[in-house]
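A, B, C and D label the chains in the order they appear, each numbered from 1.
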Amino acid sequence: MAEKKYLEKYPRSPARTLWVLKPVGKVLRMLGKTVIHRPVTILYPYEKMWMPENYRGRPGLRFDRCVACGMCVKMCPTACIKLVDTENDSGEKVRRPQVNIGRCAMCGYCAEYCPVDAMTVTPEFELAEYTREDLIYGPKRLVYEGITEKMEIHLEETLMSDVENGNFERRISPFMTDRPVLEAAKCISCKKCEKVCPVKAVTMVEHGVNEKGRPILYPEFNDDTCICCMNCVEDCPKDALHINEVL
Amino acid sequence: MTYSSILDWIQFGDVMSNPFYPYQTYNLPFDIGYKLWEIIGGLIAWLINLIFPGNGVSTWLISPEVSNMFALVLFMVIIFAVAFVVTLISLWMERKVLGRIMDRRGTMVGLKGFMQCIADGLKTFMKENTIPKKVDKMTYMWTVSLIIGTSVLIACMVPLSPRWFVVNYGTGLLVIMALFALAPFFILVSGWAQNNKYSLIGGMRAAELMISYEVPMLIMIATTCLLAGSFNINDIVNMQSDTVWFFIPQIFGFITFIFCATAEAERVPFDIAEAEAELVEGWQTEYAGMKWGLIMLADYMRGYVSCAMVVIMYLGGWLIPFVSEGVNGWIPEIVFLLKVWFVFFIMIVLRGALARVRTDQIVNIGWKVFMPLSVVNFAVVLLLKVGGVF
Amino acid sequence: MMSKDVADIKSEASPIDTDKMWVIMGPQHPFSHGLWTLKAQLDGEIVTDAEPIIGYLHRGWEKECENRTYPKIIPMADRLCYAASMTYTHLYCMTVEKALGIDVPDKAKYMRIMADEVCRIQSHLMWLAAVGTDLGNLTVFLWAMREREFFMDINVRLCGARMTTNFPRIGGVRNDVDEEFMMYAARCVDRFEKAVWDIISLIDDSSTFVSRMRGTGYLTREACANLGITGPAMRGTGVDFDIRRDDPYDNYDKVDFDVPVLKDGDSYARYMVRIEELFQSCKIIKQTLQKIKAIGKNAPYRFKVPSKVPAGRAFTRLEDPRGESAMYLVSDGTDKPYRLKVRSPIFVNVSASKPLVQGSRIADVPVIMAMIDMCLGETDR
Amino acid sequence: MTEETYQKPSVREIQELLEKKFSGKVRVTGTEERRVCANVDRDCIHDVCAYIHGSLTFEHATSVMGNDMIDHMEVIYHLSNYFNGVIVELTAELPADDLRIWSVADIWAGANWHERETYELFGIIFDGHPKLKRLLTPDTYEFYPFRKSYKLRGKE
């Protein structure tokens, strides 16, 4: 039987009229303690609390690693991320995420679901600005210096089939296993999947010609470079693609 | 008399030799005021005389009648300034000590946080002076004026030493008590005038609070006066100097009186009139800005007066223990104020340790605990007096 | 004892013919911890009638969920109750897992109940702080908040956020714990078990606190069960029921703990039940830490789950710090829920405020309602 | 006639008793450990609830909720027993053109606000409810926001 630490000790005597000495004693002891040592509070703007490295402050971005797959846009619960056009160091036009910190809920989903670990969490939490426009963090501003390994959040999952096989120590992320599959009957060879793929994992392969003499193109997926961003699945006009979930 | 140099204008005379000197005994703040006026008035008179030599205004300014009049004005300013600064220091002490009790730092702005009191005061004074639309405007204004006025009046009337007083009444303690008891009536009227249910309940509670602590308190004052044989504050303190401090013969009275004084000042265990948990700010709900700031100041002034009454009646006023009377003459005011702050410290600790009592509980405590204790106290003192110990 | 007092008050009030007055407490009122209103009819100081009004914070949470995919609801479930965010997230994940028909790893179960108990302590300390302010004492408030800060630190080290933790996931938990965290958590709990006695002796040894709480807000066992009051408020009136013990979820049947039940039925009993629960939670945390250590470092903590939930219905409930909270999920086979209903304990507890405060004094209303431990995020949803 | 009172009815007992007492009106659709799911005709919901409360000692109504299935509506009751932790889930189907059902607020006072909430969010009218008024939403609402016909107007 479990003991009850508090209920077995209290209440002892019900009638304690004007019994105020013990709390006064407690209070005086705390007074003495805080006069000798310092109180437990900190002077906030001058001193700051210790924060662990994985503290979920604003999102941070590794500009070079990002492939603009839009996974963060899809997963954001508050819809505060969108992809905008910008330029990288060598002047090429690229698309990178922009975060509206005013709407951001600091849930860390963008970092968790980033297939290439380009989005991270950062311990930066002082985000007040004077205007709402200032709260919108463009891709360049989103870059955080000094991203360490702990700030990346990896999506480490275990397959239920692995547990049954006794291989329970293996950790996979869905971006490694889940791959798009084609229902060839629905495909109309529009090449849209090839266009939207951020990592160029889709190649259109010719499978003969149709009755009008046009080539029939079916997409083929490079399983090594695919990051399972689901852009092709979502943009397919005929719903010919779906993700094969490995469980 | 010829006035040739500036020193002729500044006479720096003895205040007691002024024929219009209002007191029988030496009064330090009046002396300071008198001397200040002699410097200021002398300078003005000298300046006027430089421009218009031989005019009558200059001599009029330094004549004993006019000096006395302006000295009285300066005297008032000095008395109020001291009471004000003492109150501010109490406020600062409360914030700091309460902060340390609660494991935080208290105010941190300038001079270990003392400037925060001044900053807060300035802030409340700079706010817009709002009057709610549906209040009874006249009652709303004059009640708050009277609450603040009576509080400031009694805070100024507390004598700090035999030489620091406003009026040396024969019935000093009674007068302070009477003015003290006035404020709850104004609170009641003010609560009604604000046209707000919280204020109304708060005002009613202030009256309820008063009937619960006032009677035992008066019995205890009567006990002390019986022991001292006088209502005069000087006499009471002198009596304690001759015998022992009165908290030794009336220890029950001392403890009970501290609680009654806490109730009198409407501080935390007994602050049912402005219980912020259920009545937002009680009777102060509709007062904002400067009015609220002044009410706050008046609250702390009442706290100061309550502590001063405890010190006068039980802790030997401005006496230093185990020291001959010759040394007593040096700094009686400082000694008195230190004792006041000590009693205030006890009140702060009570505030930190205790919760607010309920309305029926305060009446219960007042009539079932404080009242018997004060009567027992009275009986003990009566026995001592009859037995000839005092 | 209390019922006699109430009867006395009523009989002494009746012969005087006085006007009754409606006092509207809230939504901006120091006693309402959050935005809600209590309309109280006063006869002098005594409350003769009361009516709670809620809805100032209604966000359409359940409707909002119908337009979101399943993982996106987890951060939203955090926001149902800020003081104990983990429990609602846990509840939501359990419901979806039940609809999916999967069983989460053992390690994740222990981690979830440890996080739950951390949140329970956190929430109870928040409540203790609120009791202090409602009784007019700020010392209790700040001391309780100081203790709460250590459990916030546990949360930060666990998942990187202090309040809205977003920690449980469908199929497990967000991240693994390391050795350093477990040592820190064990130290925090040990420290807390000693430090909380300061607050307890400040309240329980003080006649002002005890006399304010004893005998107020009295309810009988039958009335309490019928009104649907759950949680510590219910166990203070003698209903011996705790979902953790009687309808165990996750691994609560594998840890050893005790459910405090008192038969007094007043505010003080509710207070005592909550304080005892603090110690029981500490005990559970210590046990789960040992169990997590025993399971080993490389054990799975998160299963990969399908993104679409098969059509069906699932009902789960768990013991929130405030009472019984339940979720009912209707799924239609897509990746968005068809209907997600949240049963929040405070929603029902606050509806019982009329029988609770009737007959007591207005000064007792904050104390009685503090024992309900209001949280408006989950009440209005 | 006083009926036999079961303080700790098992899942099996509940199933048998319900089907025996209200044969044809209550159909038990599924049982699990400590869970009983049943479909109830809406006319006899009050009788069933009174029986469950009185004879089977289900002292607590966990929740009463509405569910819009587009062609019909459902009112789902979760009733809980404090002695063995069993939950009975009753589902009453209402045709879309006649959204009325008997209130159980007189049996469990705790169901009062649940029914008010269901009324304001789904428009299901509970006959015999002591105070059927809007609770969470403003009184000026003329629509029932949780029905499927009410679409969210989200904007990026």
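Keep in mind that, in the parts below, a residue touches a chain if its C-beta (ideal position, glycine included) is under 8 Å from a C-beta of that chain, and two chains touch if they have at least 3 such contacts.
Note that the coordinates shown come from a computational prediction; the quantities given were computed from them, not determined experimentally.
K.L.:
If you take the chains that touch subunit A and keep only those that also touch subunit B, what is left?
P.N.:
Looking at subunit B and subunit A together, the chains touching each of them are C.
K.L.:
Please work out the Cα centroid separation of subunit C and subunit D, and write it as a whole number of Å.
P.N.:
Between these chains, centre-to-centre, one finds 25 Å.
K.L.:
Could you give the separation in Å between the centres of subunit B and subunit C, each centre being the mean of its C-alpha atoms?
P.N.:
The mean C-alpha positions of subunit B and subunit C differ by 48 Å.
K.L.:
Quick one: report the Å distance separating subunit A from subunit D, using the average Cα coordinate of each chain.
P.N.:
40
K.L.:
Taking the mean of the CA coordinates per chain, how far is subunit B from subunit D in Å?
P.N.:
For subunit B versus subunit D, the centre distance works out to 66 Å.
K.L.:
By the touch rule stated above, which residues of subunit D touch at least two different other chains?
P.N.:
Answer for subunit D, listing residues that touch two or more other chains: there are none.
K.L.:
By residue number and range, which residues of subunit C touch two or more other chains?
P.N.:
139, 143, 146, 202, 206, 208, 211 - these are the residues of subunit C that touch more than one other chain.
K.L.:
Which subunit B residues sit where two or more other chains touch them?
P.N.:
Touching at least two other chains: 101-104, 352-354.
K.L.:
Which of the chains touch, listed as pairs?
P.N.:
Final set of chain pairs in contact is A-B, A-C, B-C, C-D.
K.L.:
Touching residues of subunit C toward subunit B in the complex: what are they?
P.N.:
21, 23, 25, 29-31, 42, 45, 132-139, 141-143, 146, 202, 206, 208-209, 211-212, 361-366
K.L.:
Can you list the residues on subunit D that touch subunit C in the complex?
P.N.:
34-35, 59-63, 65, 67-68, 76, 78, 80, 82-85, 87, 89, 108-114, 117, 135-138, 145-146, 150, 152, 154
K.L.:
Give the list of subunit C residues in touch with subunit D in this complex.
P.N.:
Interface residues on the subunit C side: 54-55, 58, 60, 62-64, 67, 222, 225-230, 239-241, 243, 246-247, 315, 317, 324, 326, 328, 330, 339, 341, 343, 347-348, 351-352, 380-381.
K.L.:
Quick one: in the complex, what on subunit B touches subunit A?
P.N.:
97, 99-105, 108, 349-350, 352-354, 365, 369
K.L.:
Which subunit A residues qualify as touching subunit B in the complex?
P.N.:
Interface residues on subunit A, with respect to subunit B: 17-18, 20, 23-24, 26-28, 30-31, 34-35, 39-41, 43.
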